[in-house]
Amino acid sequence: MPTGERLHASTPAANSSTTGYEDEAWVWAQIKAEARRDAESEPALASYLYSTILSHSSLERSLSFHLGNKLCSSTLLSTLLYDLFLNAFTSDPSLRSAAVADLRAARERDPACVSYAHCLLNYKGFLACQAHRVAHLLWQQSRRPLALALHSRIADVFAVDIHPAARIGKGILFDHATGVVVGETAVIGNNVSILHHVTLGGTGKVGGDRHPKIGDGVLIGAGATILGNIKIGEGAKIGAGSVVLIDVPPRTTAVGNPARLVGGKEKPSKLEDVPGESMDHTSFISEWSDYII
Amino acid sequence: MPTGERLHASTPAANSSTTGYEDEAWVWAQIKAEARRDAESEPALASYLYSTILSHSSLERSLSFHLGNKLCSSTLLSTLLYDLFLNAFTSDPSLRSAAVADLRAARERDPACVSYAHCLLNYKGFLACQAHRVAHLLWQQSRRPLALALHSRIADVFAVDIHPAARIGKGILFDHATGVVVGETAVIGNNVSILHHVTLGGTGKVGGDRHPKIGDGVLIGAGATILGNIKIGEGAKIGAGSVVLIDVPPRTTAVGNPARLVGGKEKPSKLEDVPGESMDHTSFISEWSDYII
Amino acid sequence: MPTGERLHASTPAANSSTTGYEDEAWVWAQIKAEARRDAESEPALASYLYSTILSHSSLERSLSFHLGNKLCSSTLLSTLLYDLFLNAFTSDPSLRSAAVADLRAARERDPACVSYAHCLLNYKGFLACQAHRVAHLLWQQSRRPLALALHSRIADVFAVDIHPAARIGKGILFDHATGVVVGETAVIGNNVSILHHVTLGGTGKVGGDRHPKIGDGVLIGAGATILGNIKIGEGAKIGAGSVVLIDVPPRTTAVGNPARLVGGKEKPSKLEDVPGESMDHTSFISEWSDYII
Amino acid sequence: MPTGERLHASTPAANSSTTGYEDEAWVWAQIKAEARRDAESEPALASYLYSTILSHSSLERSLSFHLGNKLCSSTLLSTLLYDLFLNAFTSDPSLRSAAVADLRAARERDPACVSYAHCLLNYKGFLACQAHRVAHLLWQQSRRPLALALHSRIADVFAVDIHPAARIGKGILFDHATGVVVGETAVIGNNVSILHHVTLGGTGKVGGDRHPKIGDGVLIGAGATILGNIKIGEGAKIGAGSVVLIDVPPRTTAVGNPARLVGGKEKPSKLEDVPGESMDHTSFISEWSDYII
Amino acid sequence: MPTGERLHASTPAANSSTTGYEDEAWVWAQIKAEARRDAESEPALASYLYSTILSHSSLERSLSFHLGNKLCSSTLLSTLLYDLFLNAFTSDPSLRSAAVADLRAARERDPACVSYAHCLLNYKGFLACQAHRVAHLLWQQSRRPLALALHSRIADVFAVDIHPAARIGKGILFDHATGVVVGETAVIGNNVSILHHVTLGGTGKVGGDRHPKIGDGVLIGAGATILGNIKIGEGAKIGAGSVVLIDVPPRTTAVGNPARLVGGKEKPSKLEDVPGESMDHTSFISEWSDYII
Amino acid sequence: MPTGERLHASTPAANSSTTGYEDEAWVWAQIKAEARRDAESEPALASYLYSTILSHSSLERSLSFHLGNKLCSSTLLSTLLYDLFLNAFTSDPSLRSAAVADLRAARERDPACVSYAHCLLNYKGFLACQAHRVAHLLWQQSRRPLALALHSRIADVFAVDIHPAARIGKGILFDHATGVVVGETAVIGNNVSILHHVTLGGTGKVGGDRHPKIGDGVLIGAGATILGNIKIGEGAKIGAGSVVLIDVPPRTTAVGNPARLVGGKEKPSKLEDVPGESMDHTSFISEWSDYII
């Protein structure tokens, strides 16, 4: 994986046989090293870096501290939230491995992401997603009022509104993230990249399964609106600003309002890479323009 | 009203001859019962539920407390805002009946809304709307700098930007709500449902009446942009992601960028239900697809 | 400039030969007078107005105080941020003259802007932009971790996400501002007006120059998405909700998803005024409608 | 009353036939005028003066705001305390007249008290005493856990520890106040002045009436310790640092550790003025020295 | 022990063979029951009681939460302190058994202590002592800067200044507690009662063992000052306001400034009960008076 | 100066010909080195040490930050106080040299003071004294309402109550400090050491010069009460718990309640060292005991 190599000489391959724990330890060591370097070069930020990262003995403690202090309010105290997050991250290793996969996703796919610590501290999409995972765990444990209170705090603080019942895979990049809305019965696969202002919404006032299902490796461009219990196939790409109301087959591109498949409904062009990883939003421009005009 | 019945056995009909006060008392009793049940099942949330709901003797006190603590900042203290809200809600019964109608709207139209307490505590659209009503009252009382300061806090905290001069009816559901923008001379009727990222915007730099007028029972889908002093007729439906620059007749559907009427300009399809209440965003898909392709 | 005259009898022309310092002094005097008038008419707001404006001896102190208290968190204290802002605004006069130009832009272009003080205190677009300018200065000084931490606070608090490396001119109006995203290599000229939910985004996961370049005097409507290293020529206008993936020539209008030029690619209609200043979002409606249908 | 005249030309006599309400209105008008004058002369303090005094329509609102914000904590919110104080001060006029009498006491007896506003804002003894009166009211209403929680906050914030059951008269000056301890069954009469570090303590671990009873007009010097259910007669004076374990007759002076009467047990010197009002701590020096040596 | 029986029918004897763990469980169950009763009778306090007690699963969690939120500051966050306290109380059972013994001491010796919950929540002496025990643990672990920072917060918040190196036994009652000062090399035995303003101080500027050693069962009255490396024998009593510069033999009473033994240096009166438990401050009055005059 | 040498090998003599600026630079360098060492050994405290010391470029910035954050309240924001302190410390070098002298005093006289950083961060007496010096400066500049507001915050936060008009020299040690009260017309010389609970009080309700004057090098023991416009001569010593109502000649010791001179009024024992520096509270015990009994 050339990008990985470019970024750091000795990264263990994310999909190698190393255990999740080793991977977590390696990423945490990187984060500490990055924070230490930043603290040394910028004393004005050192206090922040020590309180959020360098004073902690593990990624889950750092993350629990940071989320607790970001999401607290005068009626939901930071100590309560810290406790809640720490219990969740400590007891459920899959939350930790998902966080690590998300950190890797940001680092590898977003050229503006300069370090793992940068993502951990500053990416509202990353933070909202980790907090959502804890809200989802609470939801599964039938602690729904607490899950919904947490949901509300995430929506207020990050302007990211993911229903606690929504199921989200690993290796997710919510880039910029402001305005993302994900409904109750939505499902998002692994290695998906979702830009800001994206809606995975329902329709109607009747309950039940009513939100989109997003396959592995999908890329959803900024401002796309996907409505109803439809399926976006694996490796598909949804253009920025599209309004999608129908299924999109795997490895195809849908664009426009309403969205149509690039290459036509009958024989759409097939993508060769994984758009959720390549983050190529615009290579279909010529095709699209041709198609439209 | 089947949904209502499904939700609770003995709800008094919202439009019956019961007085607003009885309706308010009934909803408040529900909220207290819901909060009590949640507090018992989830001790970690009990403190939050007592401070926001269970310690209060009335809906207006609970709401004033909650808004005061949500919207306060280091330069606008919670006690000042609490006082402001409490005075408004106590002195103006129409603010309270509007809040009750909005709670009912969320409960009946949004299947993800599990209780009145859930909406009261966690729906940023509901909270932003109630705070807007108070800002609007201040605006009407010529207390404009205070109205604008409150407007600013709502925009910061909830990412919902409703100009204090905008007039809004009752039974409004701002679903998800992040990114909603409503301009100074906009008017919104009763029983309207508006999704997130919706803009009711103006145009040009000259003042005067320059924003949309939304009729009763309208449904506006996510990300729709409606610009200028145009009229969206009662019971109309605006598709997600539409850009609407022209009047939309009553009980018709406009979709697309720029928006066109489903069924054609001359003889548009007429809707049979009230979209603001049925929340059906997508039943026009087949029609639309046919129309477009 | 009739608008200016209408607003205040004796405003010195913004583009006259008066020095920036005189202009700054004049605007600051206006702000103080406005705040004093508001404090007298509204005692409930007087504390806020004194702490934010009336207790300060200069615009940079007022702005530094206000930003410090808006953007602080439990891990980034207001005193640290205040210091940071004050040092930047004091040492770099261009930051102050840009702030003054932005205040004028809001006052002259937005009919809902009732005073300079209104903009200074309440416009999240104005505040986010000034804070960005400081983050950009830090970025240029190679204090990148601090610049990114500030970037993150701006994105959390205002839901405005401008990468600290992005270069932004003077006389900018970010109207409503919620959801604006501006990428790392984007450039925005002078006297540009940008509505909410606008994205100046990149594409792909490779670094380098990958974001739009916006010329002087451009107007970008609500929800427009502009992607890639493309050029929006000076005085161009981008319609609300447009998705722009190709260069737009100077003084032309692009609308739709995907965006096309009004009047056609070969011979697009030329605009006569400066749309970034006239703020006319919709005068092209008839043309557009004709074009489309 | 020459002092009063010196301080302000037109003060109505505190003991005249004017009603308490008129007296309260007069003092409140003074406080507003003082605060207005200070706000004008010191812009840096104006925000504080507006939020605490000038934005309020009555003394009870100002006092409730100030106490609510002083005594709040992360687990007892300012809005809750504000409500509690405002309800108490509004419903019980005797609390307000006691506050007015205490303001007058500080103003007339303490030469370092430069204005009523100074006392209202800055005297921890005054503030602790008013908060105690509310805690006492709660105690009498059998709301004991709340009374004790308030007691605890007063003890933490002001280092003044007055049991909520203790009964305290009007016209009380707790000068400096730090370290004052007043036990559960203590009683303090009217027009008493008590310096800092004074203890009115009990003894033993058995309940019942076990604390001192302090008559009207008594002066208790700094650091005096008075223990047990003993009686300090009206107009008596207790020297600084005294340890008093026995009754002190009216209008006599007790000094020393253990305390003895000046002039001897059999025929103590009688005081001619009211020491609680004259605040003369040391005129007995010569007598005492003579007595001792 | 009649008092104990009076207070609760079925208390296990504190010194019985029950393990510390059972004792802790019993006290914690009492505290929860008391808090539940109070929450039911006083909704305004329920939020406070849930956040501090009822939401927690153990005494150490409740205490860690309460101390973390009481002692935090803008530069020492509550989450950091909570973590610190929780680690200490969880890892060191002697800290928990000492807390339980102190709760019992307050409940049994102070007639104003109405419940264990009352002491846990509101007694600054109790809270300062528990926080000191954690600071002492840190001191012993050579984490001295952290111990001293905690020391400073305790001194600021509770006005109780106990050097982290000071060694303190179990069953301690710091009654009222404001102004207590305990020096670096002081030692306090078990079952000691110390009133407010008591100093166990050193002398000189040379280090080394220079503070008092207080035996088991000692009672030290309010405002007593004990200076130097002297020994207060077990079961001794120090009168309020005394200044003690010399050893006091076991079971004797020292009073006055400078302190002398009641009954005379050669053959002092012997006490029959344990003054630290009986809390009898004043039964020696007649003797003392006789002695002095 | 042997003590200095013992503490650190290369300290420049405090009274040497080095300028105050060099002395300040030396002490600040020590503080930074100490804080750096502590931050390295204790990551949990590093955030605190960076925010208070290590992120600052000078002692006055560090002190202003620390005081601003300690003394702020919801109505007096930290940014306002920070500004106030920083302006004072920057503009008046005597405030800085006094702070340095006080740091030296604590370090040299108090064996429990382990470092300059320890004193700067944790000594409430040191912090209260520096804040007082700023309040005193404001008082002299006729900014009295602001001076009194600051006075009030110091009294609340540190339980140290020094009237802003009181004049205080350099090289002052307020040891433990809780409960210290210093009146309006009090004067304290250089190199004075004052323990906790000490009162320099006035008497009567008439204004004018009415508080004690304390000479250079005086030591005042814990709990001493000194009342009236009397003179404590240079190098005198006041025993703990004394009540002093008469002048005390230079280099003599006064003890007891009421205080008498050790050695007798006519020919008191003369002290050979400077008690304010030697901190010897108790060497006169034998003399005193002899004198009394």
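Which chain is which? They are A, B, C, D, E and F, in the order written, and residues in each are numbered from 1.
As a convention for this text, contacts are C-beta pairs under 8 Å (C-beta built on N, C-alpha and C of every residue); 3 or more make two chains touch, one makes a residue touch a chain.
For each chain, UniProt lists the protein as follows: A, B, C, D, E, F = serine O-acetyltransferase.
Remember, it's a predicted structure, so these values are computed and weren't measured experimentally.
Colleague: Check every other chain and keep only those touching both subunit A and subunit B; list them.
Modeller: C, D, E, F
Colleague: Count the touching C-beta pairs: is B-D or B-F ahead?
Modeller: Most contacts of the two pairs: B-D.
Colleague: Subunit A to subunit F: how many Å between their CA centres?
Modeller: 55
Colleague: Once you find the CA centre of subunit A and the CA centre of subunit E, what distance in Å lies between them?
Modeller: 51
Colleague: Quick one: report the Å distance separating subunit D from subunit F, using the average Cα coordinate of each chain.
Modeller: The mean C-alpha positions of subunit D and subunit F differ by 29 Å.
Colleague: Please work out the Cα centroid separation of subunit A and subunit D, and write it as a whole number of Å.
Modeller: From the centre of subunit A to the centre of subunit D is 59 Å.
Colleague: Among the residues of subunit B, pick out those that touch two or more other chains and give their numbers.
Modeller: 44, 47-48, 51, 55, 69, 74-75, 77-78, 80, 159, 178-179, 197, 223, 241-242, 257
Colleague: So that we know how the chains sit together, what is the shape of their touch graph: line, ring, star, complete or other?
Modeller: complete
Colleague: Write out the stretch or stretches of subunit B touching subunit D in their complex.
Modeller: 47, 51, 55, 65, 68-69, 75, 77-80, 82-83
Colleague: Where on subunit C does subunit B make contact in their complex?
Modeller: Interface residues on subunit C, with respect to subunit B: 3, 38, 41-42, 44-45, 47-49, 51-52, 66, 69-70, 72, 78, 108-112, 114, 118, 121-124, 157-159, 176, 178-179, 195-197, 221-223, 239-242, 255-257, 277-283, 285, 288-289, 292-293.
Colleague: Going by the contact rule set out above, which residues of subunit C touch subunit D in the complex?
Modeller: 39, 43-44, 46-48, 50-51, 54-55
Colleague: So in the complex, which bits of subunit C are touching subunit E?
Modeller: Residues 74-75, 77 of subunit C touch subunit E in their complex.
Colleague: Which of the residues in subunit D come into contact with subunit E in the complex?
Modeller: Spelled out, the residues of subunit D in touch with subunit E are 73-76, 80, 84, 143-146, 148-149, 151-152, 155-156, 159, 161, 163, 178-179, 181, 183-184, 197, 199, 201-208, 210, 223, 225, 227-228, 241-243, 245-246, 257-258, 260.
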